[in-house]
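Shared between the two complexes below is chain A, which has chain B as its partner in the first and chain C in the second.
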Partner chain A sequence: MKTTDALYVYGVVPKGTSPDIFANVGAEVELVEGGELAAIASRVPLAEFGEEALEANLKDPAWLEQKVNEHNAILAACVGVTTVLPFRFAAVYRDDDQVRRMLSERPELVDTLARLEGAVELGVKALLDPEALRARLAHARGLDPEVGSGRAYMMWKQLERELDEEVRSFAASCAEASHERLAAAAVDACVNPAQHPTVAGGEMLLNGAYLVRSDGDGEFRAALRQLQARYADDGVTYELTGPWPPYNFVGEEEAA
Partner chain B sequence: MRSSAGGGPAQLADVLERVLDKGIVIAGDIQVNLLDIELLTIRLRLLVASADKAREMGIDWWEGDPFLGRGQKNEELEDRLKRLERAAGIDGDSRSGEND
Partner chain C sequence: MSSASPALQQQVTLIELVDRVLNKGVTLTGDITLSVAGVDLVYVGLRLLLASVSTLERLDGESP
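The block that comes next holds the complex of A and B.
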């Protein structure tokens, strides 16, 4: 290997995994084997991933977006084919020996692979249309949002405050009930911070990640359909994403 | 129920939060400051959310940004981040460790 190159490691798969699964990812990928494990890696120029270059490139959002998408695409190629442990962005090694050393120094990765065998991550985002919910709540009270006399206006303002409170309370209980229901149908589960409304396309009640058996996700999907039916009239929609590599379930401090 | 496979800002946000915030953290031979990555994550969330809003908040995006300047104490950065996250309505507690 040229000293102008380095190895970018995307993640780890079991030893013996065929490199053919990366045939269509649009990047040259190789597997560096060590012990029971194989690191998924690409040769990258130090001119791009060396310390100083990397620090500069990280400030370029277009560069970062492309590299982050590529990182995910390569790991995603493993989903449903073999178990994969995703590494966080930009784990870069000088050469194959350093990658093999890393693999030998992390025997717990073998256990994590065994734990996650046959499992994939599904994402569920629940979005609330607060106006739809407010309209329904107002209607349920038999109230007509017509602003007439001063007295009606005052009553309407009072109602607005009560509706605000009801929407907040509903959002919290819906998020909790949704996560509980989905977690019950999953092997493992975690809740991530809600995404910004502008990017989410609405008020995000829940941003959950769920570990499910890839050959038995019927129960999970059924649970999601139940939630959709139960909360549709309240202005809640659910978005399913994935299957993803188990990004949210490889952390050592995950237990909490 | 909608199901998304690719494209759009929501998809990018999903990928960013996973690739930059999650996954196994292993120190490679090339050391990048993890705090920088955390800052980037926050800023990318803002980027995909609303560049206009960020400008309103006085974040001068990638050029001449004091965030990545050297010599600032981590505590100051952390405090500043928390204030920005609150202002932006972003819960930054996914950054594990001291916030848990």
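The block that comes next holds the complex of A and C.
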């Protein structure tokens, strides 16, 4: 029976971490220790995670959504309790020995975990309501969008183009200023591609991830409140998510 | 934007999860999942989000 199982690894924590922190995640989790590290793992059936099965399952939205949620829930149980280094989805090993071998072959994991000690990730998205901004810019110029005559129409088209340009320019400078301000209040920072307006719920100016000390995020939150106050009238809203396990700061990719 | 429907709120969370769980984290392919290294998880994530959006649109269409 045992040979039909494999070990799914969610991430690593320091050796000696108590498995009790996973008591409420709703999945059987064990810690496989090797060197200074412990891998957070679950026994999974090969019928689900073996090569062929996995390739098929990845195409099943219901299965994938459930597993992605579970992966995050288990790592999230560590947030604020111990330092955790998240692995990407679906790192599956044959047995405990293979997991221990992986831990011993990747000494840089120890350094990365040390770098992330006591830190969590916060996500900030800045969304722009372009219509609100256009209305404000037009109002500032004393323009009335209701004008109807032919000549006024031509003038209006010209001004429309100027407003478009102003909105674009504002979007770029607001995104840069926002990220700069937040990064200054964080240990590390990175910018991810903006999400599509359909799913983002607006024009996304910034999709940032910030590494902050879990016991000292006051400065970061204050910086966010400042930005909110500064750009509210321009139609910008900020959305804070997390604390997350530090997915964006595992040292795989250098900041662009 | 604060009046986002519960379904939309859930949607945002799934994007956040996909962005992180499938696109980020230490890339270590287990000895079992070696062949999956050829599967682009970013693409897998996009497909999941598209499936989720189309479900959402269908639900929207059904609501009065």
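Note that in this section the second predicted complex is superposed on the first by the 251 of 256 C-alpha atoms of A that agree within 3 Å, B and C clash if a C-alpha of one lies under 4 Å from a C-alpha of the other, contacts with A are read in each partner's own complex, and residues count from 1 in each chain.
Quick note on the criterion: a contact is a pair of C-beta atoms (placed from the backbone, for glycine too) under 8 Å apart; a residue touches a chain by one contact, two chains touch by 3 or more.
As the structure is a computational prediction, the values presented were derived from the model and not from experiment.
With chain A as the common reference, chain B cannot sit beside chain C without a clash.
Residue contacts after overlaying the shared chain place A:Gly218 against neither chain B nor chain C. By the touch criterion stated above, A:Gly118 is placed in contact with neither chain B nor chain C. Judged by the touch definition given at the top, the superposed model places A:Pro19 against neither chain B nor chain C. By the touch criterion defined above, A:Phe49 reaches both chain B and chain C. Contacts of A:Asn72 after superposition: both chain B and chain C are touched.
Using the contact criterion defined above for the overlaid structures, shared-chain residue A:Gln228 touches chain B, although it does not reach chain C. Once chain A of one complex is fitted onto chain A of the other, the partner contacts of A:Gly202 are limited to chain C, with no touch recorded for chain B. Only one segment of chain B in 7-15, 61-69 or 79-87 runs into chain C in the superposed model, and that segment is 7-15. Under the contact criterion defined above, the residues of chain A that touch both chain B in one complex and chain C in the other are 6, 9, 11, 49-51, 54-55, 58-59, 61, 64-65, 68-69, 71-72, 85-94, 98, 102, 106, 109, 123, 192, 195, 198-199, 201, 237, 239, 241, 244, 247-248, 250, 252. Of all the residues in chain A, the ones that touch chain C in their complex are 6-9, 11, 46, 49-51, 54-55, 58-59, 61, 64-65, 68-69, 71-72, 85-94, 98, 102, 106, 109, 112, 123, 127, 129, 192, 195, 198-199, 201-202, 237, 239, 241, 244, 247-248, 250, 252.
The residues of chain B lying in touch with chain A in their complex are 1-4, 9-33, 36-37, 40, 44-50, 53, 62, 65, 68, 88-94, 96, 100.
Contact residues on chain A toward chain B in their complex (touch as defined above): 6, 9, 11-12, 49-51, 54-55, 58-61, 64-65, 68-69, 71-72, 85-94, 98, 102, 106, 109, 123, 125, 192-201, 224-225, 228, 237-241, 244, 247-248, 250-253, 256. Note for the complex: chain C touches chain A at residues 1, 4, 8, 11-12, 14-36, 39, 41, 44, 47-49, 51-53, 55.
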